[in-house]
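Heads up, the next two complexes both have chain A, just with different partners, chain B and then chain C.
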Partner chain A sequence: MADRADIAAADLGPVTTLATPIRLDFEFTPGVAQSRFLRGLERGKFIGQRCPKCGMVYVPSRGSCPTDGVPTTEDVELANVGTVTTYCVVNVPFAGQSIEIPYICAQVLLDGANISFMGLIQEIPADQVRMGMRVEAVWVDPDQLTPSLASVRYFRPNGEPDADYETFKEYL
Partner chain B sequence: MPESEALHASHRLEYPYARSVGPVIGAFLTGLRDGRLLGVRGSGGSVIVPPTEYDPDTGDDTGEVVEVGPGGVVESWAWVPDPLPKHPSDRPFAWALIRLDGADTALLHAVDSGGPDRLATGDRVTVRFRPAAERIGSMADIEAFVPEGGAA
Partner chain C sequence: MSAAAARRTPRPVSIASFAQAHNVRRDDEHNEVEMLMPVVAGVFGNIGITKDDIDFICSGSTDYLIGGPFSFVTALDAVGVWPPKSESHVEMDGAWALYEAWVLLQEGEIDAALVYSFGRSSPGNLNEILALQLDPYYVAPLWPDPVSLAALQARALIDAGKATEADFAAIASRSRRDALDNPKAQVANDIPAEKLLEDEYVVSPLRRHALPPITDGVAAIVLAAGDKARQWSEKPVWITGFDHRIETHALGARDLTSSPSTVRAAEGAGVSDGPIDVAEIHAPFAHQEIILKEALGLDDTVVVNPSGGPLAANPIMSAGLIRIGEAATRISSGRAHRAVAHATSGPCLQQNLVCVLEGE
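Our next item is the complex of A and B:
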């Protein structure tokens, strides 16, 4: 055994590091309302829900209206287009980054919704993105759609004139 | 699945740390990879396994590396009837404190005895390493300890 051990040590050198991954395995359920949103993504559609009292449309819906505290039961299919309400330019590289910097993280207010959500903006130089810019969602190929936000590749300018500030100032 | 039912998914959150082991633990892990059990001599002459950089009694630097085992004595043990995914064995085993031949301290590892009725404090056990090609310099290079004489 000593002979083999000496050969192994000569080949590999001494052990200097030890992999010690910290791992948490957990089961996640998004609940009924968000599951509808996620199943919509699987069909290439944004599905929100309307409050029966105030009429606000939330996407993704949490299943109740945060203002009125009542269940949101009416599903609403939203447009594939929306408005950039605000955004930030990401210039910082980090481990595991999958997108080339600089890139834009924007809050997108879909037409018909009363709340914005975060999306990636592409197909435009970072320094040309602006508040009020009109964008459309670009989806993965139909056979790649999953019940996940990964189904939305990014948003890109759709060529419409910028939205007037007055139309989205309540959503910043 | 009905449309009304909630989705469900398994997630994993993981931080892939690697830690530097230093010269003493490094020698111990290198020994495991090479199929040898190594301890270190403390300032009072006792042999510490697994080795430490400093003598736990005096705080002095520990000294020479000493080969121990491959056999030893079970000092105490606890039977695990239903192993969990992260346990070193997928069949029932014992966690045991094993004082290896030549050592003055006990090492914690698994004993594969085949059943709790086949293990007793004071029993002699011997190391069972993984095949050399699978060893990486880790405690898991030791598959388990087994009763001396191959009773398991």
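Our next item is the complex of A and C:
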């Protein structure tokens, strides 16, 4: 057994790394507006909300118009189809990746909405995806629907002609 | 205003409006934006203004409480920022956000600011979350919870002969009795101190009554200077002194029975330049009121925490801002002429802010 002198004399060098594991658990409160959105996903529908002042439709809404700062109380059911406003091709593998690379991550502007949200684009080769492409949501089977974006498997081309740039240029 | 106070505040700034949510143990119905919106609408509505009358916005909050990154950015949705506004945020109690806005108003470029804070303690485990504000190498890995740290301080106070457990109970009893007149309070009751002393210890020497409640709450204040101060209030409540100071991170290097940072901040804010009628003190644990009262130089003629104080509602990140709002309300309602409001942050009163308010 080493005595104190041995320990003091041992040149172990400076400590350069110290691991202090930290884990915190939280309960998420979506609130009134986002609960409407999540309950919509559970029914296979996109539910947004309209600003009573400027008329913009947000999906999902957090309960207020971020421009005007007033409550959004009118629910708006949005179409199942929309337009790819912009996209990127993911070629980088990372831990926990559940889909094969390359894949497409896109901003989709649902018809009737004034804000785009993120979705996967599948059933089309990555090099054929383009801005303005019309897409539709593909949902999980009805018995698999939950109040979560996992209910939307991905978006795929719906065969309509591409949208004119003028129709979505404000949403880039 | 005394000459000394005038030197400290080259430009008079008033607390033009104050609003807070009803403080509750847990609001599981609304997200942060939905909690803030009615309070922001209220703080504007009190004086008949809109966001367009505001030149600057500053908020206080911490993402650690709800576990949501950049929650202060999304919280801005509650105000609406078009046309764009100059905006800032502090990862601190809203009292420090108010300090930043007050400093900006001193420059004279703008005349009005909105300050708000949101503190939602219910989504996570507060004992674990608050441990993470400690020294990350030698203290935080031990996960000391805030109640245990406060108990160390309370024990030191008793051992120094500065207080007794009965004093803690008397403060808790008085605070929650006063809270019966505060419609926004979370915990209000009328229980004699002798009865409270029959409680079990949570962490000796602190019994349940000496601890603050866990609270979800939000608050907002509008600051005004120049013509707007008079337009928005017939009898403005002026900030006549403002300062904040911090002590070392190392708990073992501090005398926990005193609060030198509060003493220094009180000097800077000019607390002793005139008589104080009322004090709203951010003492989350009952014994801390004794330390802070001494540090602020307050005698027994001063009414302390007539709102019930943090023992009646302690929304983390908002409780300090609420002290300033409550003190201003005492003056604007004619029940006080000169008041001191205090806010604290960190373990065992590590950092302290002192704001002196005066009516006309």
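One rule holds in what follows: the second predicted complex is superposed on the first by the 150 of 172 C-alpha atoms of A that agree within 3 Å, B and C clash if a C-alpha of one lies under 4 Å from a C-alpha of the other, contacts with A are read in each partner's own complex, and residues count from 1 in each chain.
In this section, a residue touches a chain if its C-beta (ideal position, glycine included) is under 8 Å from a C-beta of that chain, and two chains touch if they have at least 3 such contacts.
Here the structure is a predicted model, which is why all the values come from computation and not from measurement.
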Point to revise | Partner chain(s) touched by A:70 [first = chain B, second = chain C, both, neither] | key: second
Review point. So, does A:29 touch the first partner chain B, the second partner chain C, both, or neither?
Key: both
Exercise for review: For A:147, select first, second, both or neither according to whether it touches chain B, chain C, the two together, or no partner.
Suggested key: first
Practice item. Going by the touch definition up top, name the partner, chain B or chain C, that contacts more of chain A. Key: B
Practice item. Could you tell me if A:18 is touching chain B, chain C, both of them or neither one (first, second, both, neither)? Key: both
Exercise for review: Answer with first, second, both or neither: which of chain B and chain C does A:39 touch in the superposed model?
Suggested key: first
Review point. Between chain B and chain C, which residues of chain A are contacted by each of them?
Key: 18, 20, 22, 24-32, 34
Practice item. Please name which positions on chain C make contact with chain A in the complex. Key: 27-34, 37, 40, 51, 64, 66-68, 74, 76-82, 120, 122-125, 128-129, 132, 136-137, 140-141
Practice item. Give every residue of chain B touching chain A within the complex, in rising order. Key: 3-21, 25-27, 29-30, 33-36, 132, 137-138
Exercise for review: Please give the residue numbers of chain A that touch chain B in the complex, ascending.
Suggested key: 1, 4-6, 8-9, 12, 14-32, 34-36, 38-39, 147
Study note, to complete from the structure: Given the complex, residues on chain A that touch chain C span 18, 20, 22, 24-34, 62-71
